[in-house]
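The structures come next, written out as structure tokens.
One chain, subunit A, appears in both complexes that follow, with subunit B as partner in the first and subunit C in the second.
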Partner chain A sequence: MENKSLKGWLYLLPALLFLGVFMVYPLIDVFIYSVEEGYNSASQTFYGYGAYNFSYVLHDTYFLQAIRNTFLLVVITVPISTGIALLLAIALTSIEKFRNLYQTIFFLPYVTNTLAIGLVFMILFKKTAYSDGMINMLIMAVGGHAIDFIDGPYAAKMFVLCFYTIWVVLPFKILILTSSLASVNQDYYNAARVDGTSKWRIFTKITLPMISPSIFYLIITGFIGAFKAYSDVVALFGTDLNAAGMNTIVGYVYDMLYGDSGGYPSYAAAAALILFVIVLTITVINMLVRRKHVYI
Partner chain B sequence: MKVVLENLTKKYPNRNKRIGGDVTAVGDFNFEIPDGKLIGLLGPSGCGKSTTLNLISGLIKPTSGKIWFGETDVTNLPPENRGVGLVFQNYALYPHLTVRQNITFPLENLKGSAKLSKQVMEDKAFEAAKLVQIDHLMDRKPSELSGGQQQRVAIARALVKVPRVLLLDEPLSNLDARLRLQTREEIRRIQQETGVTTIFVTHDQEEAMSISDMIVVMKDGYVQQIGKPQEVYDDPINLFVAKFLGTPPINVFEGEAKGGKVYIGNEAVADCPKVEDQKLWIGIRPEGFIPDDNGPMSCKLLRVEVMGRDVSIVSENEAASGPTIRSIVSSDIKVDPTRSEVRFSVKPHKIHIFNRKTEQRIYID
Partner chain C sequence: MESQKELTIIEKQAKRRKAIQNTFVYLLLTIWGLMVLFPFYWMVLTSVKSYSAYSSEHIPKFYTTNPTMQNYADAFTAVNLGRYLMNTLLFTVVTTAVMLVVTVLAAYAFSRIQFAGRELVFMIFLALMMIPNELVIITNFVTITNWNMRNTFAGLILPSITSVFYIYLLRENFAQVPAELYYAAKVDGTSDLKYLLKVMVPICKPTIITITILKVIECWNSYVWPRLITDDSNYFLVSNGIQEIRENGLGRENIPAMMAAVVIVSLPLILLFLLFHKKIMEGVSRGGTKG
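Moving on to the complex of A and B:
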């Protein structure tokens, strides 16, 4: 028995080693950075330990702006994208003709480079000296006023960001939900049909509970993904996100490390830990909700 | 409610496009199921029995033919308007609902004037649960029940709305041998208590024979024979039915009719004065053999298996189509297992002869 467990640890060793070096050690390091006050990355010195870094970050208007942006992004995109994905997945499973064609079309954003998509969105939304962007042309065609989506009002920028995020995360969600819908045993539907169950009741009482584990999975990963938003924002609004007022928490962390005003690993570490606590809290809440509402 | 199937046919386009044409899942099914009877649809897998059941339930639309419930033509009615209760092979209990919720599910679908109050639904569910003896399990989830209990819940759910016809698709195949025996009695009891016309599908002939009022033997989409279990067993219409019914199965021999006698090899085993000379398949039920040292059939004795009440004699004969011949005799009859040869005479009503080519029964009398 002793021998067997030794062998087990031996087999686990490579994975543990890499996890330790690339995950556990950096995590501990981030924590240490976050409590070292006045850390200077050039001289590698600091004054002492304390919570000042957290206090600084939490009072930084840029960070508060980043938190606001991130929360808005999460709250708007996760429910909407999951809902749209569910509708599309149901539509996809109920059609027979061209199903594969549509599936391919819906899946395209997933395999397209983020920056390429960003470029397409620029063409759609950006106002330049030569053009107002395609969306503005449409708005003007129906008699509206052109809006600067990229450098204009906050709401317009947020709209573009949410639109973009929803569009990017849809394919994965549709993929998960279509396969989840397909795995529901047809007999349940037949049984319900024989008993004269209405379509709406079949959907709410059978389909939804049956695929609830997938929906829950998508909501959790959606939350986490949206909290980690950064590259998409850069693709849309450029690297100076603080100036654009569109920074996210991860963007703030990055700027604190490498940005023009960067070089503050302690502030970055503190911000990263705050993000970690937020994500953890929300995931725990999700888990509690799941226990109550998700059938397993 | 009597159920009438009239030239019921279901064809599917052939998947193999090169061959083309249609595959007949059910062909020209005609049967009037009397009210309140338990009918077993019996046949090997792929014979169209489940398709027939789904046609009756309305989940599948027939290619042609009609279905009547009583005097009503239900051929074009969707399943929800037919008033059938259907029990699936895998029970199809909603796993996220409790037993109670599962059973009340069909009642909650009722609309308009048929709508029931919550209390009435609960009462009806309890009544149905009591009938199948699961009334103490109402708050459990299906995953917390044994296979037999799940089966009962499925039956209760099918019965709760008082269906005009109860349909059971392979109701026992997911149960272990012992439970199967118990549950089939249970199905019989429930059917008799409720008096609902019940059709159940099975590939197990013993199951069908033991509880059905009538059995329908099907093969390749076509009905072979319909009748009371014992009648079909005693009087099979063709070789397929003869072989399909009975455990151990009927022993089949190559033989011929010659000069008014039935020959297996060179031995005349029965008389058939009215039958023309021809090649035959000869079927003899295991219980049709009588060990008899002066009997006409000589077989090489392989072994004697004692099974308590009966003795099973396993022997060989060159004319047999199977590798061995199995005969079952009462354990009162002593057979010396060390001898090399055993002779039998044959009970005349346990021997059936069939045309070698068409495999249709030839009646001796």
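Moving on to the complex of A and C:
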């Protein structure tokens, strides 16, 4: 027995070492950082403990802007992307010809580098001195005015960000919903068809309840993912997100840690903890709603 | 007779309705398909336009009459794209390989070896799955800086190795392998390590492949940690390289060369996807999260 215990721990040792150093210790440490006031990363000294870091972050206009951007992004992209994914997944399930082809194409954005394709989106939307860009050409073709989506008005920038975010997150959602739709027991549909049930009724009374666990899973992961938005924002607007007015909460954390305005791990820790509390709260709310509305 | 006629009319109507519905469905799917493919088309198209041709197009053209490969040459000579690619390859291979060893060993301990404290440790592992990376990255940044590992491969790789989720996924799969096999092997005097490598790993190969693919995608696309830990372009990965090209390299206006770099960076994963698209989609639906 003694021998077996030793062996068990031995097999676990590498994982425990990595997790201990790079996950458990940092997890404790982040709380310590967040309450150390006036921490100086060069001399590694601080004045004392308190909630000043949180108060500083919560009063920082850049952080408030980051919160606003992130919430807007979440509120816009999560429902729209889930809705479009559901529509496309239903369309995919209803066809037989070319289904695999469409499925494969739809999945393509998942395997691309966010930074690289973000650059392509930037080129498509950007208005430069010598060209209005592809998208503006379309807008002008239907009689609109050219807008600079990358350096222009806030609403335009937010639009591009939401559009790109939806483009990036859809593959995962479509995939999950298609496999969920495929797993619904056909007997239910056949029974409903025998009873002459209308299509809409079949959808709301059979399909939706049967796939509701997947939908809720997607909503939860969608919320979490959108709250952590960062690299797609960098891809579109560059690394100086505060100047672009497009920073996100995660972006704020990294800017505080490193970069031109960096060197404040205490502020970064406070902001990261605030983000964690927000995400946790929303996940718990989601879980409670789920308990009420999910059937399985 | 009368009812027969009615039936054919109803059948015809149903057929027509089905045809209209199908048209709408295919239209919808095709529109989204084009929206997915268009950025890729634009990227390739722009990358083969010459700089002067691109700059003279006030209204961008959807085609080009004389494609050039010059931009691809520029992408490798004007910036160090070859180096970024090699760095990313090294980073991806080493990180994934070490991750596999750590994950397989831990999953085996959790599923086959009975020892005191196992369930408690597993519970802690499950709890760790919920910890977002953003929370621990702050201290990791300080740790790696203190270890003088900024701008080294060790600094890039070490914190990127463990994924609790993959350990969990593989443990679940290992646990499905009948325990009888294990006892039989024990009776025969097979060592645990040998049993793990000769029986468990081959049986659970699909899950191991899934984990490998997911990790490769994750590594190839990783941006945040490399950005924090490297500022020497000799250690840039492709994501950082792309960002560097965007902000400083190639001249801000040389968009065709930028797009050539983007094509080169995107190509490996797209090829991997085209080769293994079934495997990848299956793997992601079992264990991926993004978005």
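In this section, the second predicted complex is superposed on the first by the 278 of 296 C-alpha atoms of A that agree within 3 Å, B and C clash if a C-alpha of one lies under 4 Å from a C-alpha of the other, contacts with A are read in each partner's own complex, and residues count from 1 in each chain.
One rule holds for everything that comes next: a contact is a pair of C-beta atoms (placed from the backbone, for glycine too) under 8 Å apart; a residue touches a chain by one contact, two chains touch by 3 or more.
This structure is a prediction, so every number in the text was calculated from the model and none was measured.
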Looking at the overlay, does A:Tyr188 come into contact with subunit B only (first), subunit C only (second), both, or neither? first
On the A-aligned overlay, A:Val284 touches which partner chain: subunit B = first, subunit C = second, or both, or neither? neither
Contacts of A:Ser179 with subunit B and subunit C, given as first, second, both or neither: second
May I ask you to decide whether A:Ser231 touches subunit B, subunit C, both, or neither, giving the answer as first, second, both or neither? second
For A:Gly196, using the defined touch cut-off, is the partner it touches subunit B, subunit C, both, or neither? Pick first, second, both or neither. first
Partner chain in contact with A:Met210 - subunit B first, subunit C second, else both or neither: first
Using the touch criterion from the header, give the chain among subunit B and subunit C with more contacted residues in subunit A. C
Under the stated touch criterion, which partner chain does A:Leu257 make contact with: subunit B (first), subunit C (second), both, or neither? second
Which subunit A residues lie in the overlap of the subunit B contact set and the subunit C contact set? none
Touching subunit C in the complex: which residues of subunit A? 4-5, 7-9, 11-12, 14-16, 18-19, 21-27, 29-30, 33, 41, 81, 84, 87-88, 91-92, 94-95, 102-117, 119-121, 123-124, 128, 130-134, 137, 165, 167-173, 175-176, 179, 221-222, 224-226, 228, 230-231, 234-235, 238-239, 250, 253-254, 257-258, 265, 268-269, 272-273, 275-276, 279
Touching subunit B in the complex, subunit A uses residues 185, 187-188, 190-198, 201, 205-206, 209-210, 295
Residues of subunit B that touch subunit A when the two form their complex: 57-59, 78-82, 84-86, 88, 90, 92, 94-97, 105-106, 108-110, 157, 161
Residue numbers on subunit C that touch subunit A, as the complex places them: 21-22, 25-26, 28-29, 32-33, 35-37, 39-40, 42-43, 46, 55, 57-60, 101-103, 105-106, 108-110, 113-118, 121, 125, 128, 131-132, 134-143, 158-159, 161-162, 164, 167, 192, 217, 220-221, 223-224, 227-228, 238-239, 242-243, 246-247, 253, 255, 258-259, 262, 265-266, 269-270, 272-273, 277, 280-281, 284-285, 288-291
